[in-house]
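First subunit A sits with subunit B, and in the next complex the same chain sits with subunit C.
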Partner chain A sequence: MAGIAILLILVGISIYTITTIPYERATYLWQAGKGIWLDNPRNALPSWMNLFLPKKLPETIILDTAEKQRGVTKIVVPFGKTMSKVIMELTFNYEYDDFPSEINLFYSSKFTSTPPQLTVYWVKPNGEKFKLKDLTLSEKGAYYISNDEELAKTLINHIREKLGEEPEYGITTEIALFAKEDKSILKKETVSPLKGKYRMAIEGMLFEKDSDVNVKLVVYGKVYGMAGTDHLRRDLMIALLWGTPIALSFGMTAALSIAVLQMIIAATSAWFGGRVDFILQRLTEINMTLPFLPILIMIAVFYKLNIWTMLLVIVALSIFGSGVKTYRAVFLQVKEFPYIDAARSYGASSLRIIFLYIIPKILPTIIPSLVLSVPDFVFLEAALAILGLGDPVAPTWGKIIDDAFSAGALYKGYFYWVLEPSFLLILTALGFALLGLSLDKIFNPRLKEV
Partner chain B sequence: MAEDRILLSLRDLKKWYSIRKGIFGKTVYVKALDGVSFDLRRGEAISLVGESGCGKTTLGRTILGLEEPTSGKIIFDGREIVNSDKKLMRWYRRQTGFVQQDPFGALPPFMTVKRILEEPMIINKVDKRERRERIYKALTEVRLTPVEDFLNKYPHMLSGGQQQRVVIARAMILNPKLIIADEPVSMLDASVRIEILTLLKKLQKLHDISIIYITHDLSTTRYFSEWIFVMYAGKIVEKAPVKELLKNPLHPYSKALLAAIPDPDARNRFIIRELPPGEPPSLIDPPKGCRFHPRCVHKIKGLCDEKEPPEIEYEKDHFVSCWLYVQER
Partner chain C sequence: MLRYAALRGICLFAVVVVAVYITILIANMGGYVDQIIKSEVRFRIGVLVNQNPAYKNLPPSKKAELIEGLYQQEIKRLGLDAPFIFRSHQYLVRALTLDLGRSLYLTSDTGSRLVRNIILERLPATVLLFTSINLILFFISITLGLYASRKYGSKLDKLIVALSPLSSIPGWFYGIFLILIFAATLHILPYGGLVDVPPPKDPFHYALSVLKHMILPVLSWLVAYTFIQTYIRRTFFLMFSQEDYVEMAEAKGLPPRIIERRYILKPTLPPIITDLSLTLISSWMGAVITERVFNWPGLGTLLYMAAIMLDSPVIIGSVVIYAYLLAITVFVLDIVYAIVDPRVRLGVT
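Coming up: the complex of A and B.
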């Protein structure tokens, strides 16, 4: 029952994913081109982590003057013939216990020859006001506040003058802009953000008649969404969601087609006997002595495989596997059953006997092991992805682990990045294992007592 | 014996299985059938009796075409069956039915009764409407009624007797002319044996079918057949009408078989039956001369162990292969 429940949940996720996010969209998002993810924080924890942590981690705050939003005002005052003055205020409440991970200001402007100019101010809840920068705008661009080293120097100097002491660590722009400016700021262990209403005030000049400017302030948090983000700011949820139908269909297709093909080969071998049997069995033995994984890796290295061609290769390499031997042993017994003789006596063809008389006899006994073998292939796909041999495009669980591994997630403490896909992998394996075991009890009741 | 009444003739039918002994050993043969000849008339039943391993079952399987004979002829309805083309073989398969020993094993466990009966007709391209009619007719004939109750049952839901009725219905469904029944009742309860046999007999009379009834149990043959053929070590040693053979067996082996039938009579309790001593002979290396001679109490030294006895017609329709009855030796 638990097995069915788990699998139903996974199937539900798959259906939801396929219907809401088309595959093309998912692969497009996952390739992270054209800055689609710029508004997401890097390496953010999933937001439900806040439930377990003593400190409340910040979520991402986005304020955009192009959209109607609370806390955003934009006033354009014309003066002179063509010029106008623009005043924009972006206000937000900051009630978190930790600093944002990054602060960026994106802008877009409209002009023909003379670009608009802006001056950016930062107002803390206690009323202190800093000038951040004077900007001469291009058509589309960003002011990466976190990366502004000059600003960082200015802010640190300000702290040094105010407190008369040297801070013991490298204060970043985010800390300087959000921290309480008392003794606590000097030590890394004690520094904490000042809660309350922050304001970014922007004043500027537009020099042309049809000129316009819009800004978007992004205060990146440290938590994001249900699954968090990776080093490329991608929402891990997309790959986790899309990994589900891919893993399920990959595992089930592989398990089913390998079992069916192996059975057909074994039945042919057992039924015809003689030379056919000899050839098929020798082929199987040769194939069994060849190392599966190295060959697969070799093929995957030479031909960059997408996930479905990889499935084909896996099936092709596995059909002459050990299953052929086991099935053949059973079929040799089945072949001698009186009902097979009866079928021959009323003229059933070999093909008919193989498919309608021999294979159905053992189907119920192999269904459980078939179900149990599904996770093997799910894991195989993940393993290949971790080895860097997976589908370069498809977002899969294995890909996430691969990315996490190459970005050193575990050294940097991004445990969720590895644990989320691993959890889903384990869940899948568990679901199929439980289902397989209970099916085994139903289909092979004689094994119950053992 | 009017020729046109003959349905099946076997002429010197041999089935040798080859076995290789050891890795470099030479090939030896198990002579399961070693020259079997007989004629079977339409609508008649033959009982084929003999001890285990004498080749009865092999004979049945060879006639059905399940085994390729090593040599010899099978002529069915005037047509040569051995090595015939596919078309004739398909026709021949429709003319023969097979009733096996183990009814449960003879039915595919994963098919319903309906499907089981349909299979031979699907293979032989009987159209769908007629299939339905024939299934109803066949099940009614084997008295599995009401038919609807049985159509969707699986073999394991039926009793042994019912299973065997399904097997008989399946053998009959293509309207065959010959049925080979290989010990059809030996795995059934004693209580249903006679029922199944009388059913077979009734169907035989109804459809004018010939039956080869293979058994090791002489006591059931008189219910059933017109003829008894006694087999020993791959050969038929005596052929006779049932009554004649039961009353007056000629071959020492037939005599021994008859003597072995237990007779439930209190007076018999102290009688020790005289059974032929020794074991059935090896079929790989059968005794020279008459194959029964090592166990025979009447053997003639220098003859029985040297030359194979010819088949002679001792009385009308009563054939025997034994030196004892050959006048000019």
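Coming up: the complex of A and C.
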């Protein structure tokens, strides 16, 4: 029952995913082109982690002057004939116990020949005001505050002068802009953010009549959404969601088609006997000693397979698998049953006997093992992805694990990155295993005694 | 016995031939084998011309022309301009004799570019890890299975049955969690690799360091497969311990050890060995990913690296080696089978 419940949940997720996020959109998002994820933090934990952590981690704060938002004001005062002065203020409350991961200021401006100029100030809750930078804008661009080394130097100098002591670690811009400026800032263990209302004040000049400017401040947090983000700022949720229908359909299609084809081969082999049997059995033996995975890897590397052609190759390499032997042994017994003789005596064709009399006879008994074999293929797909041979565009669970491995997630402590897809993989395996075992008890009751 | 071994050997060699031929066919649909052979011929001729003092003073363009001419001649001489069906036989012989050509990017630790050297260097690590894993698994499952079957219905027996679904998740996957627990959180075992960096100088500490690195990969497979294998063995033992001759032996009052060894273990060995050979075959496959997860510098990691760098000669070479490894595994087990089951070697069925 638990198995069915788990599988129903997974099927539910699949249906939800397919209906809400079209596949093209998902692959487009997962390609992460054109900076679509630029407003997301890198390697952020899932938001719900805040419920369990003693320190409250920051969410991402986005303030955009192009949109009507609380805490955003923009005033343009005409000045002389063509020029005008622009004053923008971006205010936000910061009530978290950790520092942001990154701070960027994106801007866009409209002008024909003379670009607007801005001066950016930072005001802490205690009223202290720093000048960050003078900017001469281009049409579209960004001021990466976290990467401004000049600024970092100035801020550290400020701290040194104020406290008369040398900080014991490399203070980053984010820390300097958000920390309490007392003795605690000198040590990595004690530094903590100053809570309260922060303000970014921007003053600037527009030199042309139709000139305009808009800015967007992004204070990147350390948590994001339901699933967090990866090193490319992508929302992991997309791959987790889309991985579900892909894993389920891949696993079930592979398991089902392989079982059916193996049964057909086994039945043909058992029914015709003689030379046909000999050839099919030798083929099976050869296939069983073929290095399946290396050949699969070779094919995947040389021919750049997508996930469905990969499925085809897997099926093609598996149809002469060990299942043929097992099924054949059973079919040899079935062949001797009186009802088969009866069928033969009224002139049923071989085709009819194989498909309508022999195979259906054992169909129920193989359903449990079929269900039990689904996780094998789900994990095979994940394994191929981890070997770097997954589908080039489809977001799957295996690819998340692969990304996490390649980015050294286990060394760097980004455990959520590996654990989320792993959890779903385990859930899938568990669902099919439990269902398979309970089906086994129903269809093969004799096994219960042993 | 010898006759049997020879016969099986020939059969399995035929299988290897077929496997390698299929590999070549698949690889050469994209022209990858041709590419390997031709690059090797070009390399050889290039070395020949550059080392010949007679050509020392030629301008580079003349030299290149000369190499090109010699290269075309050599290709003709080797029959490499013949249709693929004829060439494929040539390739087959070369692959079977492990003349695997030169790699495109990867080199062995000694700096060799020969695919054979690269592979042979990686092979011991793989063989070490996976024979240890399989031997440990085999003996644990036999002893535990025998014990559980004798104490049928006991707590241990029920535990084994209950834990057998663990194997629906493959070993490498448990590996991720073991790394997470023992390396990333507890910091008591290494994340992966073969030895510490830098490797210890004296052999004893070197061996110790290798052992330390082996713990997690071995453990990951034990978690995944111990229970299911014990469960399978136990079922075998249960079936055989219901035979009349076992009851007879019990009635005679033979000590349980002798009953277990002579009357239960011995007749069950043949099916167990058949099962073992299937397990071993799939274990060679699982090895590729396990090595990637634990960064174990064996054949699997090599194959992974080659796949990422598109080093086709190394990929084809690895597949050939895997084909040999599988055939050797099956061959050894067939011989063991014949030893434990006299009916086989006498040809009685």
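Basically, the second predicted complex is superposed on the first by the 450 of 450 C-alpha atoms of A that agree within 3 Å, B and C clash if a C-alpha of one lies under 4 Å from a C-alpha of the other, contacts with A are read in each partner's own complex, and residues count from 1 in each chain.
One rule holds in what follows: a contact is a pair of C-beta atoms (placed from the backbone, for glycine too) under 8 Å apart; a residue touches a chain by one contact, two chains touch by 3 or more.
What you see is a predicted model; the values in this text were computed from it and never measured.
When both complexes are superposed on subunit A, subunit B and subunit C sit side by side without a clash. By the touch criterion defined above, A:V301 lies against subunit C but remains apart from subunit B after alignment on the C-alpha atoms of chain A.
Shared-chain residue A:S345: touches subunit B; no touch with subunit C.
Of the two partner chains placed by superposition, only subunit C is touched by A:I386; subunit B is not.
Ranked by how many residues of subunit A each touches, subunit B and subunit C are led by C.
Of the two partner chains, subunit B is the only one that A:F337 touches; subunit C does not reach it. In the superposition on chain A, A:P360 makes contact with subunit B only, not with subunit C. Looking at the shared chain after the overlay, A:G12 reaches neither subunit B nor subunit C. In the overlay built on the shared chain, the residue A:P78 is in contact with neither subunit B nor subunit C.
Superposition on chain A leaves subunit B and subunit C with their closest Cα atoms 9 Å from each other.
Taken together, the two structures place no residue of subunit A in contact with subunit B in one case and with subunit C in the other. Within the complex formed with subunit B, the residues of subunit A that make contact are 337-339, 341-349, 352, 356-357, 360-361, 363-364. Contact residues of subunit B toward subunit A in the complex are 61, 64-66, 89-90, 93-94, 96-98, 100-102, 105-110, 119-120, 123-124, 167, 170, 174.
Every residue of subunit A that touches subunit C in the complex is listed here, in rising order: 285-286, 288-295, 297-303, 322, 372, 375-376, 379, 382-383, 386-389, 401, 405, 410-411, 413, 415, 418-419, 422, 425-426, 429-430, 432-434, 437, 450. Every residue of subunit C that touches subunit A in the complex is listed here, in rising order: 12, 15, 18-19, 22-23, 26-27, 29-30, 32, 165, 168-170, 172-173, 176-177, 179-180, 183-184, 191, 235, 238-239, 278, 281, 284-285, 288-289, 292-293, 303-304, 306-308, 310, 312, 315-316, 318-319, 322-323, 325-327, 330.
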